[in-house]
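Note that the chains take the letters A, B, C and D in the order they are written out, and that residue 1 is the start of every chain.
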Amino acid sequence: MAEIDREKLLDIYTRTMKVNRTDEKFRELLMQGKVAVMYYCVRGQELASAAAMAALDDDDYVVCTYRGQGEQTAKGIPIEKWWGECLGKETGTCKGKGGTMHITDPDTGIMVTTGVVGSGLPIANGLAMASQNNGDGRVTLVSFGDGAANIGGFHEAMNMAQLYKLPIVFFCQNNRYGEHTAFADHTDSPDISSRAAGYGMKGVKVDGNNVNEVYPAMEEAVEHARSGKGPVLVEAMCYRMMGHFFGSDFSYMPEEHLAEMQAEDPLPKLRKVMLERQFTEEELDKIVADIDAEIDGAVQHALDAPLPSTDEIYKDVLEETA
Amino acid sequence: MAEITMTQALNLAIDEAMAEDDGVFCLGEDVSAKQGGGVFKVTAGLTEKYGEHRIRATPISETAIVGAAVGAALAGQRPICEIMLMNFVGVCMDQIVNHAAKLRFMSGGQTPCPMVLRTTTGVGVGFGGQHSDMLEAWFAHVAGIHVVTPSNAADARGLMRSAIDANDPVIFIENILCYGLTSEDPGPGYRVPLGKAAVAREGSDISLITYGRTVLDAMEIAGELDKEGISVEVIDLRTIAPYDEETVLASVRKTGRAITLHEAVKPFGTGAEIAANIQEKCWDSLKGPVRRIGGTFSAVPFATHLEQAWIPQKSDMIAQIKASVGKA
Amino acid sequence: MAEITMTQALNLAIDEAMAEDDGVFCLGEDVSAKQGGGVFKVTAGLTEKYGEHRIRATPISETAIVGAAVGAALAGQRPICEIMLMNFVGVCMDQIVNHAAKLRFMSGGQTPCPMVLRTTTGVGVGFGGQHSDMLEAWFAHVAGIHVVTPSNAADARGLMRSAIDANDPVIFIENILCYGLTSEDPGPGYRVPLGKAAVAREGSDISLITYGRTVLDAMEIAGELDKEGISVEVIDLRTIAPYDEETVLASVRKTGRAITLHEAVKPFGTGAEIAANIQEKCWDSLKGPVRRIGGTFSAVPFATHLEQAWIPQKSDMIAQIKASVGKA
Amino acid sequence: MAEIDREKLLDIYTRTMKVNRTDEKFRELLMQGKVAVMYYCVRGQELASAAAMAALDDDDYVVCTYRGQGEQTAKGIPIEKWWGECLGKETGTCKGKGGTMHITDPDTGIMVTTGVVGSGLPIANGLAMASQNNGDGRVTLVSFGDGAANIGGFHEAMNMAQLYKLPIVFFCQNNRYGEHTAFADHTDSPDISSRAAGYGMKGVKVDGNNVNEVYPAMEEAVEHARSGKGPVLVEAMCYRMMGHFFGSDFSYMPEEHLAEMQAEDPLPKLRKVMLERQFTEEELDKIVADIDAEIDGAVQHALDAPLPSTDEIYKDVLEETA
């Protein structure tokens, strides 16, 4: 595989840090009690999401889950609107009606964020089907977890996508846990990617903590889908470095797992690669500082924003009530 | 004008919409030409005209079928998906209820979901317990969707066009026993608006509120009772939810009496909502309680005479109407 | 006697049943000790006692979970399966409705299906549109199952034992906001029969018929209204379907007025059946129409103040009661 | 593989012909208009079903589909009761309330016959789970079609069965069509059995028209499951030699398919094997004649039997109404 070019690498780094700083900020606000909402931390999965988004075009479609902060911010959702939504404000992408688990922003291609495990895959097929029908050249990427790979919708969607050769990438972030259940306790499969063969689909497994593995794999998968060769299942191995959602207990995780996880943290690894590729500490820190400043502004904007009008509970139910 | 069957009516409406709008496409099991155009032939002849991308035969994967319709709708297309028999919604309610119905609201209005979900059912075909249920009450209880069912071919044509036009999900229920019914063809472009009931027969003594196949029963007994001097107004809801409250309440205010009738089982059925609403809104006009008639509260049995006994009986409809108007 | 929370009540009832009958076992996501005994801890401590075969942590596969419960029940066991949140029944309605509910009937009585399906839900937790729905009306509309929900810890203990005893499927709905409620522990072996409502508070002016979390609201406003000279009888259904018609009708015959109340959306909700039935059976006792209160007809919104506005409001309950008794 | 012993072979032959003669009789009655019910013909799949049932013990559990006549009669369901049920009579296994698509007879282990495609697999897991829980040594066999392998329940059931090492055999009769849709139009998979690998499960593919392939494979699969080694997916390749149900059109089947299907008819092939193994024409014909006589008696019994009482619509809904 060719080396990732420097510009792209910087792009991935920037996206990764955007995801990470957003995650850190959210946890800080929750810790301080400044906000009190459900939030599904993405610590440990920043790089995987960012690399996936960096492989897409701006107008490609994305479907993600409650743990979708990574895809959303890395795809480039306007962060004032993102924070507005998470804080339940009128300025949010969905006027505060969707919330952290249901971010939608069609302008940046974030089409659905679903809270029902596995339900995004069939919907993503539909987006890809629309692209195939009208030849718009878009690719759809759907992100989901290892646990989601055991639900029926995964299977149906994989089979249908391959049958029609839809332009779609199935992106499984295997963080080794589905809620409290460890991978080996929810399946006897060696991994998720090998299930692709059963559908005649291309499946690849990559280290989601290694930019030099995950990005090229995503680029290739997206190219495969876009060129009409059909879908690809990419499984990015990573870790969920926090509990299932913010504040939830993770005492069920064994010591060894925690140790293994720390050793594989994608952030120091990525920084090492950046330094090897001659980016300077200063450059990298500056990027983070800029991101932090932007986030701080967005958070303040969201905190100051008005609440949606109570009437909103009657609106957007049917077109007549729009 | 020529007569058309309900099957033809549906086919014509879909054909017309597909011709006018490239975004309209069909997907479902066995729907394309290679499979003979659908098990009930509703999509016959369309693959030849519009190609396999627009008449997609699918695997037996209802979750993927409805999910694909949802996704395509979000991308601006107007999918018409088919769940072969209504009981099979059991495997894909999540896509319909948690997604199709809610995405407009949950996105703050950004992603409406214009799709039609066609499905078939009906008691009296001999299909037994897992292929005959009428589950419209489930959908009626969910915000964000329209639930529609035609009782005749002309309405089928007009409702289908309106369902495809709609910018929200429409559950379109076809009764197997109605496919062969004929009407005068209302012609191209014909539309029956969603949310508008039809007064299928005017009357003054009692309002009989129904939809789908039981409209036929209602019309038949209304004719019989007319001879006995009981004047029954038959309301064909056409759209079950959100239903045409105005027409229903106006009728009951006129007649002072009401009965709801459906093939679905009575307890917690759609008739309950209509009855509850009528008594609340027309209390002062009512001369007696609203009565309800529905299918027997059990699975649909196989043996023909049991299946026939399971269905709402015309004799019971007549008895209840007579009791209601005080001529029992 | 000691106080117990609803979580403890459920845990005790299950523990007791498992100790008495080897055929009782639990399955569901995250239920075993390795995962900390369930996300709401209802099955905490049971793996240690009964082993992993009897407290089976499952993959995220609701169809397989319910299907396994159905199969094990057919083989004579008494499975207690868990669907983590009620909205997820959308992916497995087929197993519940087409199989669990029907197999006794379709087999001519040969294969009853004694299983409990536990599930959790509730508005007011901040979970948003896909995790908060109350879908009891769907199940109530299906023959062959019991639908149960406790409003307090003692009933939770007693209803759970009866649910496990039952020789038919029981949908057991737990409201997240009720897990922490405490009662005096009714002690080992305690049972609350299925199909029996509780008169939670006696009254003479109006019957307020409800179940689950809204029983708390009902009791609160009944207390307030008492001070204003309005005597509200609160009926806690406990079993939503088939419900205790006798108790409900007796109450309404006494008070002459009725209101139904639930967290589920109002249209086509369970209140419709109850209202329709009351007006039909108690017509002569009624002094005015039966009113209904339910959640707003939309998905449950995320923002806290919208979610709070979505829920049935105590102010509305009071206003409706006053309007009903003519003291508006 | 060792040769099938003569006694077992005769057993398989007898079961196969029971299935075939029942199928022929049913079609005859339908043609003559003596009965008018839904019937899903099993012509072409007789041997596969019979071999599977011959590999089971009497008290093993079976879950099958609307096209379950083969499993039901080959497992040994009392045929008077079977015909009674199909004709909607009081003497039927289910008092006429289940019907052709829903035969249940716990005494012979026919636990569920389902009309919802793929829904039998999760239920079969539950039967196997009960056996595992109480150590009764039973195996559960669930039969389903190629089309059913695309529904979510298949996937969930396979994964769960393997995770728990349940004593179950997943028996896919791949008859190349799901209703009107040909195999290649419902999946891009090369076959169904290869999907087993994705669950870490053992999968085998056999010629369901060749007794020397299908029976040993079934015997081995059942032994594997019974010994605690976990589930097996067996895919028996066969043909549906009639329309989807009796009377339904099958003009959508291409000429070549029809020709291929005729050439693979399991019945002449089985007869050839029987003759090779020194069974005489007379012996074989006698078996068929005995079966025919038994069927004729059962059909007459069913035709003469009383209808269930109309009250039955209110019975068996809940225990209270039993």
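Please note the rule applied: contacts are C-beta pairs under 8 Å (C-beta built on N, C-alpha and C of every residue); 3 or more make two chains touch, one makes a residue touch a chain.
No experiment lies behind these values; they were computed from the predicted model shown.
Interface comparison, B-D versus C-D: the higher count of C-beta contacts falls to C-D.
Look at where the CA atoms of subunit B average out and do the same for subunit D: the two points lie 36 Å apart. Mean C-alpha position of subunit A lies 45 Å from that of subunit D.
Work out the mean CA point of subunit B and of subunit C, and you get 30 Å between them.
Subunit C and subunit D have centres, each the mean of its CA atoms, that are 40 Å apart. Under the contact definition stated at the top, the residues of subunit B that touch 2 or more other chains are 58-59, 61-63, 87-88, 90-91, 94-95, 98, 105-106, 128-130, 143-144, 242, 297-299, 301. In subunit D, the residues that reach two or more other chains under the touch definition are 94, 96-98, 102, 114, 116, 119, 150-153, 156, 159-160, 163, 185-187, 312, 316-317.
Arrangement of the chains shown, judged by which pairs touch: all-to-all, with no pair of chains left without contact.
On the side of subunit D, the complex with subunit C involves touching residues 61, 63, 92-98, 102, 104-106, 111-112, 114, 116, 119, 121-134, 140, 152-153, 156-157, 159-160, 163-164, 312, 315-319, 322.
Across the interface of their complex, subunit C is touched by residues 63, 87-98, 101-102, 105-106, 128-130, 135, 137-138, 140-144, 241-242, 264-265, 267-273, 275-277, 279-281, 283, 288-292, 297-299, 301 of subunit B. Residues 36-38, 88-89, 94, 96-102, 114-119, 147-148, 150-153, 178-182, 185-187, 249, 251-252, 307-308, 310, 312-314, 316-317 of subunit A touch subunit C in their complex. Residues of subunit C touching subunit D in their complex: 22-23, 25, 53-54, 56, 58-59, 61-64, 66-77, 79, 91, 94-95, 98-99, 103-112, 143-144, 146, 166-168, 242.
Within the complex formed with subunit D, the residues of subunit A that make contact are 150-156, 159-160, 162-163, 185-190, 194-201.
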